[in-house]
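Each of the two complexes below includes chain A, the first together with chain B, the second together with chain C.
Coming up: the complex of A and B.
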């Protein structure tokens, strides 16, 4: 028992979530050494924010020439080419010089990033929620931590290993067995029509991304589901509801908004993922994927794939163009991420969202 | 509704949920299996005695360990001190702003951080492809994680300890050192270890900051590119021959083992942290 009512809420032992804040500090309570230390610590605490501002400022500054050169064409154009880097002839557009033939149209990459991450999210969301419900509601308590290890394994596997496995095993496997079946949908849905390819492309990348974001959504959902009041669940069961009805009527409504937030975080991760997509995307340049099975590319993967050759552009425009891709990516991911955190703060108070990969 | 129908729905729903669980569990096992199968023929001491120039991994293992050490030295102190500030010293308004800052940094795609690392560190500051550029880029990625875990660890220490310190007339620093930090240490350590696990699995931020070398790493901070495990996976995955895939598998396996060991240590530390907390007064 605490003597001070104000402190009571902060001392709860159970549960993985931090509860409440310490009593606010007043300046009068601090000694001179305290105040000195506070300034020193503030310096350390400000570094992540300073890094963020530096990153944003530098990316914007780097991208300006490319945006000016390409104008709105940057968002609508489908051809992304550094031009002829071996000839000194320049081409001036909107007052900005670039190598002859340079065109910076990023539509295909923006399309690829959005579509692959949305497919990944649509598959991952029911998968993660279903898996977590099975884990928390039906798996015996003794076994739960053992089964959880697989979620951690999934979160811990490096993204290059996802890519390696994707090109070596998953892609060929899906192309041989699943995609021909899905291809029959082509009769109904145009995006499924045509060649099912050899396993490197939009759908394979999306499914790899799915596996990568499942742990993020699952970790948050698991914490939320564990926070559902046990009395409400027992009440529902006592009324004669089946466990499915209890999940539908009590558990899921209770955690719904939190799951939306987790989904946004997972989406942000899928948007920014680089290495796995780079390996399994098939790296299509200057064209939209013909169907859901065909090669494509994303903004993040293109930055990695093309930075090497961009460095040989003496005018520097190629690097600026990739920076412009980075800025678009940055704006989309940061907005998604912030929205997710905003929602969960309003829904779950101090609930911890995973920072990083959901380990 | 008829009871049989309701029971049927119940069964169907949970069958789907368990199917989802299986679909999540199976690939994680399959990936480990693939790594073992690919790496199998290459697993020998040769991997540790030869560099990647001769299809070994010595330089990559040393490089990865070196980067982990660097990240621990850079992101560790900054993150822990920053977390202490946010939990114990920050006025509410400022804490909100700084928290927004690090959470947003955590959402920045790793390739963007790598790009900035290349433009700013490798080019502008003339550090080149080097250990320091790589460590800084990786530190930017794991820093939010360290700050967050430190902050949460301290917030889970009951506030009665703070009140008690104040009642005894202790300064805030002394209260922190003597009463608040000791029970928080296991949780902070677990955060640090997991941050290293994230760091060692990254590739994108290192490609254009750390570069790659197939020789053993030099200890020079500037201008010397260094080899690391995840790059070997990336590079060899795209190369054609069987042997190269074996080395890629071995490098992936080594990375995964390193990460799993770190996650295991982190788990132990956080279990310890929970036990610690349970002994504290409320």
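Coming up: the complex of A and C.
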């Protein structure tokens, strides 16, 4: 259920039009120019759609042999190996030949991609929203735009720089100071048990991802928070509420749906992030990380890390296997996107509210 | 926000809120220029005057909502029950709980209808669920909204009509049991029925709450108010009992305003 008032319409046409849906155009209403513009726009809309379909189709075509070779084992197997690329001996499985010893089990990478991005999102979301509220409620208006420029700069730093910094500075720092403390949680949570490592691994990668997506979520959230009607906030202040209470009672409910969308943007970024993760992941190929501190790998990082050797596979199967990873990543990204939209729609509760009331 | 120069207003036993020498400036513009006025305890005072004369600014100075506006400077003295509103160490939250406010347009919280009122009740220190529920019902009945909303207390207030939303805001403001109620053109966006309802409520609050009430509607002022405060360009022209003001205005400008002539 949502108490979010509907967006203000333009109100150009009177009468009870369905809110949020475009005014239906009848052909007879259109001039020749309108019709021309309509075709032009249709074309402009069709190009990206066609590109997406083309990319997806090519990826799928490339991946089919690998999926056929590995079967369901592609999703459940924990060993990902191109086999012996120097021996010409082939191994045929499900009618598909591949180098001897080739095993394409991607579970480890699927796990790594999902877990690292979810950890990043869970840390980044409260951090970003908290930072925005602190910024808009605590920092003087004059300084706000200066501070938010830094957010935008942060969002623009190339990911390889994040990764490099993570491996040189942040990882060792965390491993020396933060992880030993977190490691004590091992008494309660098995996933925190064991060696805390040297700063290359799942948690470091997740925290680097956090740094990368906080600006994305924060920038969107800030715009949303600035759009909250001042009258509503003053109503809370006039009732003797603190700024914190005002944020909880008025601001956050107003922007909740938008924050879901911002979180999705951030999540999508974390799912696909490649370079930074590759650098700090420790790049564990076969097997799941022993605990939250240990090396792991993601689908995106693996594609980059292994493409070079894959190209030396004369059967072409190694490239097919990486393409299959790409397809899974594509599907997961699109699926989370759709799921997110569904959640947003669900949160909206289908309650179409009258335009312009009480705002 | 700063405060200088504090001429002491005369302590009048019947006055709940005393304003003296109140000036409000933003940048170099003086919005209010040395206003002095008293709002009698348990009485309804209508604040009238042409648009832009500073009525809203005066109201917002009383509960220090102007503190929110960067660059706004308030000078002079306001006493609530003898205690300085802008005094050093004054607890602003406590002040705002004593002074309720209804805005020009309804501004319900994006929470359920029930929660809109319950939040006020909780601010006032009610926590047990049955107590809060009872208080919510009592307040909604008092503003005449109970019959319309009792079966959808959990749903969004934005689906209510504008008038119903304003009544809900009224219930919310009353939930903290304020000593003073500030109403800024509370009926300017409402239909005659809701307007009558609000006016009735104002009448029922008389004796219990000090009401300061901005309106552009002179008939409404005449109907509801005990006293009238007439502002012009940031200055007080006249403050008088409602009968005197409308029948024997002391100032020529008041007369002109009442007769709808340019002032």
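Everything below uses one rule, namely that the second predicted complex is superposed on the first by the 289 of 359 C-alpha atoms of A that agree within 3 Å, B and C clash if a C-alpha of one lies under 4 Å from a C-alpha of the other, contacts with A are read in each partner's own complex, and residues count from 1 in each chain.
Definition applied: a residue touches a chain if its C-beta (ideal position, glycine included) is under 8 Å from a C-beta of that chain, and two chains touch if they have at least 3 such contacts.
Every value quoted in this text rests on a predicted model; they were computed, and no experiment measured them.
Asker: After superposition on the shared chain, which partner residues are touched by A:141: those of chain B (first), chain C (second), both, or neither?
Answerer: second
Asker: Counting only touches as set out at the top, which of chain B and chain C does A:234 meet: first, second, both, neither?
Answerer: A:234 contacts chain C only, not chain B.
Asker: Would you sort A:42 into first (chain B), second (chain C), both or neither based on which partner it touches?
Answerer: So A:42 only meets chain B here.
Asker: Considering only the touch criterion stated at the top, classify A:169 as touching first (chain B), second (chain C), both, or neither.
Answerer: first
Asker: Could you tell me if A:114 is touching chain B, chain C, both of them or neither one (first, second, both, neither)?
Answerer: neither
Asker: Which of the two partners, first being chain B and second being chain C, lies in contact with A:253: first, second, both, or neither?
Answerer: second
Asker: See if chain A has more residues touched by chain B or by chain C, and give me that chain.
Answerer: Higher number of touched chain A residues: B.
Asker: So, A:242: does it touch chain B (first), chain C (second), both, or neither?
Answerer: both
Asker: Just checking: does A:158 make contact with chain B only, chain C only, both, or neither of them? Give me first, second, both or neither.
Answerer: first
Asker: Do chain B and chain C touch any of the same residues on chain A, and if so, which?
Answerer: 1-2, 4, 6, 242, 357
Asker: Flag every residue of chain C that touches chain A in the complex, lowest number first.
Answerer: Counting only chain C, the residues touching chain A are 63, 65, 68, 70, 93-97, 100-101, 103, 105-112, 119-120, 123, 154-162, 165, 169, 172-173, 176.
Asker: What does chain B use to touch chain A in their complex?
Answerer: Per the stated touch rule, the residues are 6-7, 9-10, 13-14, 16-21, 23-25, 27-32, 34-35, 38, 77-79, 81-92, 94, 97-98, 100-116, 118-120, 140, 142-145, 147-148, 152, 155-156, 158-160, 162-163, 166, 171-173, 194-195, 197-198, 200-204, 207-208, 230, 233-234, 237-238, 245, 248-249, 252, 255-256, 259-260, 263, 266, 277-278, 280-282.
Asker: Touching residues of chain A toward chain C in the complex: what are they?
Answerer: 1-6, 140-141, 229, 231-232, 234-242, 249-250, 253-254, 351, 353-354, 357-358
Asker: If you look only at chain A, which of its residues touch chain B in the complex?
Answerer: My answer: residues 1-2, 4, 6-8, 10-13, 18-25, 29-31, 33-34, 37-38, 40-42, 44-49, 51-55, 58-59, 62, 126-131, 133-135, 138-139, 147, 150-154, 156-165, 167-170, 211, 214, 218, 242-245, 247, 265, 268, 271-275, 279, 300, 303-304, 307, 319, 322-323, 326, 329-330, 333-334, 336-338, 341, 350, 352, 355-357, 359.
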